[in-house]
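Structures for review follow.
Each of the next two complexes has chain A plus one more chain, namely chain B in the first and chain C in the second.
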Partner chain A sequence: MSWHMPTTVDEVLRLKASKPDATVVAGGTFLGLVIRQGLLDSDEWISLQNVDELRAFGTAGDLSAGAMVTHRRIETEPAVRRDWPGVAEAFGVVASPRVRNVATIGGVLADADYASDPPAMLVASRAVAEVASVRGMRRVPIEELIVGHYETELDDDEIITRVLVPRPTGSAAYRKLRTRSREDRPAVSVAAVRETGGVRVVVGAVSDRPRHYPDICAEWRPGDEQSTREVAAAYADRIPCLDDGRGSAEYRRQVVSVEVRRALMQVSR
Partner chain B sequence: MKITLSVNDRSVDVDVAPSTMLVDVLRDELGITSARATCGVGLCGTCTVLLDGRPVSSCLLMAPLAIGKRITTVEGLPDDDAVVRCFSERHAFQCGFCIPGMVLTARDMIDTGRANTPEEIREGLGGNLCRCGCYVKIVDAIEEAAR
Partner chain C sequence: MTADMRRSPGPSPADPRVVGGLDYSIDHHVPGAWHLRLVRSDVAAGRVVDIDTTGVESDVTIITPADVAAYGTFGCQIADQRVLAAEPKFAGDPVVAVVAPTPEAAREAAASIQLDYDEAHGVFNEFEAATASAPLVHTSHASASGDAAYFAMRPLDGTNVCHRFRIRTPELRGYDEPELIRELPPLDDATMSDAFAGSDIVVEETFRTPAAAHVPMEPHATTAQWVDGRLEVITGTQTPFNLRQDLAALFGLDPADVRVVAPAMGGSFGAKTFMRTEAITAVAAAFTGKPVRCVLDRDEVFSEVTRHASTVWMRMGATREGRFVAKQMVAYVNTGAYADCGPGVAQKLGYAGVGPYRFDHVAVDSYCTYTNLPPAGAFRGYGAMQSAWASERLVDMLAGELHIDPVELRRMNLLRDGDAFCTGEIMHDTHFEELLDDAAKAVAWNDGRDGKGVAIILKGMQTPSRAEVAIHALPDGRFEVRSATADMGQGAPEALTRMAADVLGVPPEHIVVPPPDTDLAPYDTRTTSSRSTHMMSRALAAAADDLRANGTVGHGRIVNDGGLDPDTGTGVASSHWHQGAAAAHVDVDDETGIIDVRSLYATSYAGRVVHRAAAELQNEGSMIMSLGTALFEELTYVDGQLVNPNLSEYNIASALDGATIHHRLLETPGAEVHGLGETAVPPVPPALGNAVASLGYHPCRLPMTPERVLASRVHPRQEAP
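Now for the complex of A and B:
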């Protein structure tokens, strides 16, 4: 059993290329959960804990967060709260401060858990992941990165190195409905981000991946109650909702129609 | 694997599998029992320890991730710690099971200036559960310690 602690991204990529089955560890909160539940074990671990370049953080121009930037940093950084308030909010409502002190932006995207808060807001905000391997670097919109339950389109030798979020041109809302306790994951989450000429509405936590329907969003007229209700109803109709401990599919469909409407009303102003 | 951890300002060597959680190292290898694995999914707060001064759930933290960081449990707080004193003076506990986690969470809230009002304190304790229901006195104790 080996626990590798490389110190540079190049070293990580070479290791990952030579050991494609090795498990990459970022903050380790998601891994901690699945290990404890007996769902995962590994002989080879590649931990990013000593790769300082993955903690790089910038807010001049795009929001640029290295894969190892924690939720807590994004939530509390004054420039993010001021210029990307929707992003700060979505990261700030994840679990408890104990988890947010450790969980990372790269990790939450790579684990692709349907019930995480940040992905819906990152999709709505047109965020892009930089994905690297020994073969080179490519940029993948978060909308295309998460393809299903705990599934991304990353290849075995690739890791997420950085996430870029463009500067918003309009208001944003993040709505999280919890059905159990304060620190729970959402039963339904809705991210809405206004941009020039429209809005991006993304619904998370109700199906295998964040759901965004540009054709439905195109029907929305800001401030118009009728079109707001129609957009919300269309989202509820189209998303294949799932049943789990946080709510039945039928309940979720009902809540989606309410929360999408409320999110759109919030960004109408 | 052999790893060296810094626990309450003491350097300790342990031999553990990488997938061993920090709470199990503290309890089973080092005999530090104030951190308790209860829910096992990071919700209840009884396994809280400070990592470089910030609270984390030790039931979800793979032990090697703590290499090179300062681990503090409630045993490592100074004898005259204001939070401990206020919890004691105000009897802000009943069975005491959740209290180490409460105290460490409060320590961080006070250190980072996030314990200014009862509302802020209640918000900060969102992930720490007390099944005896001593929240009123716990919030009072933290409010006093923050002064």
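Now for the complex of A and C:
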């Protein structure tokens, strides 16, 4: 088994190109669990801990967070709380401070776990990931990055280097519904972000990936109760909900319509 | 009690448990020890037809069921367990043991072994297990002979019931009744019709509780070695002397030739009682001639021993004025594949379900039934939680029918000093009314009842029981207190230190309390049922007297007699009673079913507090654990396979969940020391359940997940605006 500790992105990319099966380690919170449960084993590990570039952070134009920026930083950074309150909220309700202190924005997007909080809000906020390999860099909207259960559209030699979130033009709401402990992952989550001329509603944690339906959102008339209910019902209708220990598909379907409605009411104000 | 002892600052910063300086059993490394891994059954029932070990390296010792066939059966109350199972009875039952020089080699060897089975049908639900057509988990029942089998077992041959506990108050005796009640009896059933004849109102309901996990932070960790023909075991256990006895019986040794050392445990909550991994580890040490160490993985801990799932059917009758007349209860208690102490749990569940009330007539049937699930054993609350959930929810249902305030209704019927409990014993030192009033006050009961609930319970202490302690005067002027009271994080050494200092009249720094070692400490029943501080406070006083009279070593010995007749429930259930109440104030989101706990309060009778900070932690810990029980903890099995054997899928309560709890220890000047390690466990779920019910729901099943809460709505939901 070998453990690589590169210090630059270039070095990471070269390593990843030569060892496409190597596992990239960010905060290790997801990896720790899957290794413990015997779901993953690897001979080669590439740690991003010493790659300072990946911790770069900026709020001057877009919110720009290097892949190794922690949940806790995004949650607590005053500029994020002020200008991207929905994003700060979605990162701030993840697990516990112990997890948020080490979990990273790159990790939560790359693991593509259906029951995570940040992805729904990042999709709703039109966030984009910068994805790099020795072949070059490309920008992938988060909406397209996560394609299914624990599945992204990253190639074997690629890593996420940075996430960009445009400045919001309207209000945002993030609703996390937990059915077990207060440190649990969401059973249902709804992100709603207002933008000029409309809203982006994204439902997370109820199916294989965050669900966003622009055609349904287009029917929404801000503040109108009837259209709010219709949008909520249409989301509940369209999403193929799953069953797990946090709730049955039937319960989720029911709660999606409640929580979408509530999120929309929140951003109506 | 000196004033100093009462102003306790809690654990000091130098407390070894706080600074990581304590050696738990997992930290005990015996040089040269080999490592044991268990190959476990994938099937819940059946027979192993082939064990393929061809992939195992030659330096690994493999132990199969055939290799250990010469060893007999064991079990603390029923001898139904074998060292390794040729006929596994639950998914996870150990079939093969491998012993290797390193943990990695042992893990690799275990993974390479392939088992083939002839799979059989299993039965998983406790109620179904008691039906005539259920497959039998064990074909015969053999009562154990050790000290832990402290009452007569009543197995029902040809069924999965390994113990039946009955209560029949005098006028209900002598009827010709079926051995096993498989169908819940109608009200006009001959035996019971007289009992309920004087009732104007009768309510009945079925209540369910699932299996749950103890989740001690430290997994089970055992090291065994043979030294000059003697067996030495270092293991985290609450039951050093029961373990010594059972190991001695297994190996045909004199108990004096077995030494059990019990270092501090990183939590137990009942998970480390009686024989667990010690038998196979000791056998492996005999096979290899080396010290052998066995440490379970987290997923294994989830199936090592669990809490009894149970189905409790209960009926209560009262007069229009609210006087309780009769109670009938039939409980099916799921003890899994091996009885462990399930018979004892069924008994305690049985009488605790009567509650702290007067009745003219009581009939209880509590059946401890085998199923093909992991064995269930001791669990903080010891059956009282499961039946208090039923009993205290039912009292509120009755209050609703009678249009009497639930607190008032309870008060009218509470047991008071001089009243007879259903067992015939006369109650003394009762504090139920005070506890009830205190709980009601904590949620401002008189300022509106919506969203509020109370519950009150009694819980017995291990009876009969015996505690012994020896105080040795050391040459340097200090005193060593030798006892088998185990430290599982409850602060036993600290409590012993304080109590010994008190009775000897010396400062606590002069007291030394080594961990239990059966070679050195005198006999003690075990560290369970919140008995140790109570029993040891008395044994220490006797030992101090003896020391003063006799010089260098003082012995103290306290024996509590008692016990119940398994067929009538007559006798002494408990030499002193754990008494507690809880109150809750909740909101329920009527569209999502989410319960928001605005406030949760528990009040426990403590008698006299020995160590305030530790006592408070016990009360808080009980509440937090029970909050998880009430709201979300459940081991989920699909066809006998546990689907959530990890802490992502099995949540326990977090700090945030416990943010709204508060509590009290009720003290009485000059009172005895009372156990309080679990008093706040049983009342919490029904207090929360009653609070939820006050808002128009009818929860009967734990945990009260949002989904179940919504489904239990009594009135159709009004469309929210």
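Note that in this section the second predicted complex is superposed on the first by the 269 of 269 C-alpha atoms of A that agree within 3 Å, B and C clash if a C-alpha of one lies under 4 Å from a C-alpha of the other, contacts with A are read in each partner's own complex, and residues count from 1 in each chain.
Everything that follows uses one rule, which is that a contact is a pair of C-beta atoms (placed from the backbone, for glycine too) under 8 Å apart; a residue touches a chain by one contact, two chains touch by 3 or more.
No experiment lies behind these values; they were computed from the predicted model shown.
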Fit-or-clash call for chain B and chain C when the two complexes are aligned on chain A: clash
First, second, both or neither for A:Gly247, with chain B first and chain C second: second
Touching partner for A:Val99 - first (chain B), second (chain C), both, neither: first
First, second, both or neither for A:Val258, with chain B first and chain C second: second
Chain B or chain C, by number of chain A residues touched: B
First, second, both or neither for A:Pro78, with chain B first and chain C second: neither
Touched partner set for A:Arg182, first chain B, second chain C, both or neither: both
Partner chain in contact with A:Gly61 - chain B first, chain C second, else both or neither: neither
Contacts of A:Gly136 with chain B and chain C, given as first, second, both or neither: neither
Contact residues of chain A, present in both the chain B and the chain C interface: 33, 36, 96, 181-184
List of chain A residues in touch with chain B within their complex: 1-3, 5, 25, 27-29, 31-33, 35-36, 41-42, 45, 47, 49-50, 72, 95-99, 101-102, 181-184
Chain B to chain A touching residues, read off their complex: 1, 17-19, 21, 40-43, 45, 48, 51, 54-57, 59-62, 64-65, 67-68, 105, 108, 124, 126-128
Touching residues on chain C, where the partner in the complex is chain A: 298-299, 591-592, 594, 628, 631-632, 636, 643-644, 646, 648-649, 651-657, 705-707, 710
Chain C-touching residues of chain A, taken from the complex the two chains share: 33, 36-37, 96, 177, 179-185, 245, 247-248, 251, 254-255, 258-259
